[in-house]
Amino acid sequence: MSPPLAVIFGAGPGTGAAIARALAPTHALVLLSRSLPGSLAKLELKVPDDRVLAATFDAKNSAASFKSALEQARAKWPESTVDVGVCNASVGFAPGPFLERSTDDLRGNLEACAQAWDFSQAVIPAMLPAGGTLIFTGATMAVRGGANFSAMAPGAFARRALAQSLAREFGPQGIHVCHVVVDGLIDTARVKGIMGDKAATVEEGTRLEPDGIAQVYVDIVNQPRSTWTQELDVRPMKEKW
Amino acid sequence: MSPPLAVIFGAGPGTGAAIARALAPTHALVLLSRSLPGSLAKLELKVPDDRVLAATFDAKNSAASFKSALEQARAKWPESTVDVGVCNASVGFAPGPFLERSTDDLRGNLEACAQAWDFSQAVIPAMLPAGGTLIFTGATMAVRGGANFSAMAPGAFARRALAQSLAREFGPQGIHVCHVVVDGLIDTARVKGIMGDKAATVEEGTRLEPDGIAQVYVDIVNQPRSTWTQELDVRPMKEKW
Amino acid sequence: MSPPLAVIFGAGPGTGAAIARALAPTHALVLLSRSLPGSLAKLELKVPDDRVLAATFDAKNSAASFKSALEQARAKWPESTVDVGVCNASVGFAPGPFLERSTDDLRGNLEACAQAWDFSQAVIPAMLPAGGTLIFTGATMAVRGGANFSAMAPGAFARRALAQSLAREFGPQGIHVCHVVVDGLIDTARVKGIMGDKAATVEEGTRLEPDGIAQVYVDIVNQPRSTWTQELDVRPMKEKW
Amino acid sequence: MSPPLAVIFGAGPGTGAAIARALAPTHALVLLSRSLPGSLAKLELKVPDDRVLAATFDAKNSAASFKSALEQARAKWPESTVDVGVCNASVGFAPGPFLERSTDDLRGNLEACAQAWDFSQAVIPAMLPAGGTLIFTGATMAVRGGANFSAMAPGAFARRALAQSLAREFGPQGIHVCHVVVDGLIDTARVKGIMGDKAATVEEGTRLEPDGIAQVYVDIVNQPRSTWTQELDVRPMKEKW
């Protein structure tokens, strides 16, 4: 048994876990995040142990983290190839006035692009023999530089530039690269806390649902070579755009 | 039994028929094109008669054609509501130098926008009570005005403008409007003829497949209210973009 | 004496007149609008009679109006060639809900593209021998289809598509085509009336000034063949974008 | 005598020098580049010594370089304020396959954004009291991620994101921020060398001219608060786009 592998970088409890759950029926999962593998149980994946591998991502050793995770995956599933890569870790949300932000804030966010680069350097060679799909999770600030986003938007734009360049370079070689602009708040426990939600559920169509986003990623993975989407937006019904 | 209705304007033998086939398992079909209903058999839908209604679209009486088709649909499925509208008829392909084209050529292509308008005027009120999905088939010339496309691109841009305006006006009211840029040649009998294909099949990833496009439309129809895409591109793996 | 000609379609008392005044030092003016030549005095051009020709534009005979104006110009300045064309007449502002607008409203606005087409058919052949500049005045609704703009945005998008196609077709032949998105309210007598301005002047940077726009057009006309801009936006300092 | 200051970062012998020459009649010049002040003579500015200050930019101490230059300027022209900033230093041109590029290549190019950040941190506070203009020189790779541009486009996109964010944050405060996409080869000595030009001049309209670009910058600086352009492209007449 050699299931195709899906490598997910940024496997947190919200969208990352939803993407993992959505790919689990068809793929063995290689998950990376800062707190994994300790917190794997928290993701509630309901996936048997022989179908999941959790590795810790060390931001100080980005390239080595990806290399190590892929080596562990090869050891665990020697016959498998990488079919899907999801670069779900992106720029953290911390807007603020330009003159109250430092070059280090900017550099920290540009680093999200360097990590996406290292991730791509690891998974693309593993995908080249049989083809595959590489998805970047983006945000509105990847396409619009808003006031107070000066330290954040550059990193997000940079990741989109990387995705677009890779799409054009590796598309003809069989690797489908897609950048998804996630436009709006995602209805996760963390966002509920930040927004001070009183009710358990929010009004329909006002927030993105992790499972809805995950289904979009599955749709992208399933697109045949005749019909690829390289960039798309998703937003809740009532989001202004 | 009252199946939800999918109304497809531009139900020709290529993409239109593929979309119809893809929606048939879940929707009763109301099909409009210039040559229907006579040529319904040619679409090879393999759908029982009680699940399909074929109506002729008269370009001279655009609004009346849509009104009549919806009235026939209401008579055939009195309990059903319109769930999906597909505006698949677009600007015809006839590029050429500006100084060899006439105002009538331009107006004929702008008329594709007026037909999309009439179609939307017919299906949106039918969708408002329960929500629904309205998809416009676009093309690269809807987002890029190329040399020799002066008589064509304006109509295609205009249709995209209409789709975008409707998406913003009716999205919050539960109608998901999406414009799909179909970028590349579609592998239909007609295109095979134009391109003088010798072989029965083309190289993988060089042309769009009608069934691939149709699956994208099904994906859009299935998007929940938390996660809507309003604009996306599709192209074959080897298409330059 | 054979001054180069600037043909301005949409020579109203606001932006059109400002563009005419700005080009007057270097060009003889051929002006077209619905109410000209009767209202030429109102434009307060301060241009001698031998440097200006006012012609009436008849929307019912668009192509003939342009042809006639150019013939008059050739009779008045037999040695001159057309150096600048400004298509300043665009889609009128009348937003409203889609279901309260008719196909005729849409068609009326699409007609702005057909008029731009006829204008281009008239001036481009006159420009080809020596090169020249053709500028389209656009608006935000030429690049964004907003809610309640369904009857307007299609015409504005269509004009931009035309400008872009012409830029790509005739640029290499020496005709510089540029589409200017004018984003915001222009401080004209008409807008002052609509907005119910009490004071004679508005706060600095809240409205576009006709003379500011006109200077942008002069800048574009002056761009050498090494450095052309085909699309740009202008907006007041405090406009949100 | 207290001339307004123009601070130009990236004052090389091509476009940077042309911008300096174009601004010299109206502004005292503060120039920064890696090789200045030793090579100031090479710029052939023909500007008297009391109107120019040349400072060395140290990439290892980006923020300190800008701070020092502005302090020298204040010492030289104590009554002057900064009116113009030009961030002309951008991502260097070194395309190549993704798998032959390293994270360091990427990071080196992202650093162009960090330098633009430091430059903006230095000049914006100096501009806030009286307003001013901040122009970023960009390139096509700032808006399109091409194949083989994976290590370059992210830095260029990031700079555009920064410019756009600053435009939206500081525009209402009187600082006009504009990003210029320079699309095409610039006709400089360096490019002539790379392209192996035999003739002294190239065919008209095939390359950008430094003086043409510089005039665009002057036009932007001269735009009044009623009429600002925040993003524009320039290209030679025969450039494909």
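In order of appearance the chains are A, B, C and D, and numbering begins at 1 in each one.
We adopt the following convention: contacts are C-beta pairs under 8 Å (C-beta built on N, C-alpha and C of every residue); 3 or more make two chains touch, one makes a residue touch a chain.
Quantities reported herein were computed from a predicted structural model and do not represent experimental measurements.
Listed here as common contacts of chain B and chain D: A, C. For A-B, the matching interface among the pairs A-D, B-C or C-D, defined by over half of the contact pairs being the same residue numbers, is C-D.
When the interfaces A-D and C-D are ranked by C-beta pairs in contact, the top one is A-D. The centroid of the Cα atoms in chain C and the matching centroid in chain D are 32 Å apart.
Between chain A and chain D the centroid-to-centroid distance comes to 34 Å (mean Cα coordinates, whole Å). Among the residues of chain A, those touching two or more other chains are numbered 168.
Across the assembly, chains come into contact as A-B, A-D, B-C, C-D.
If you check the complex, the residues on chain A that touch chain B are 168, 171-172, 174, 176, 187, 204-205, 207-209, 212-213, 215-216, 219, 222-238, 241. Residue ranges on chain B touching chain C, taken from their complex, read 62-63, 97-99, 103, 106-107, 110, 113-114, 117-118, 120-121, 124-125, 141, 144-150, 153-170.
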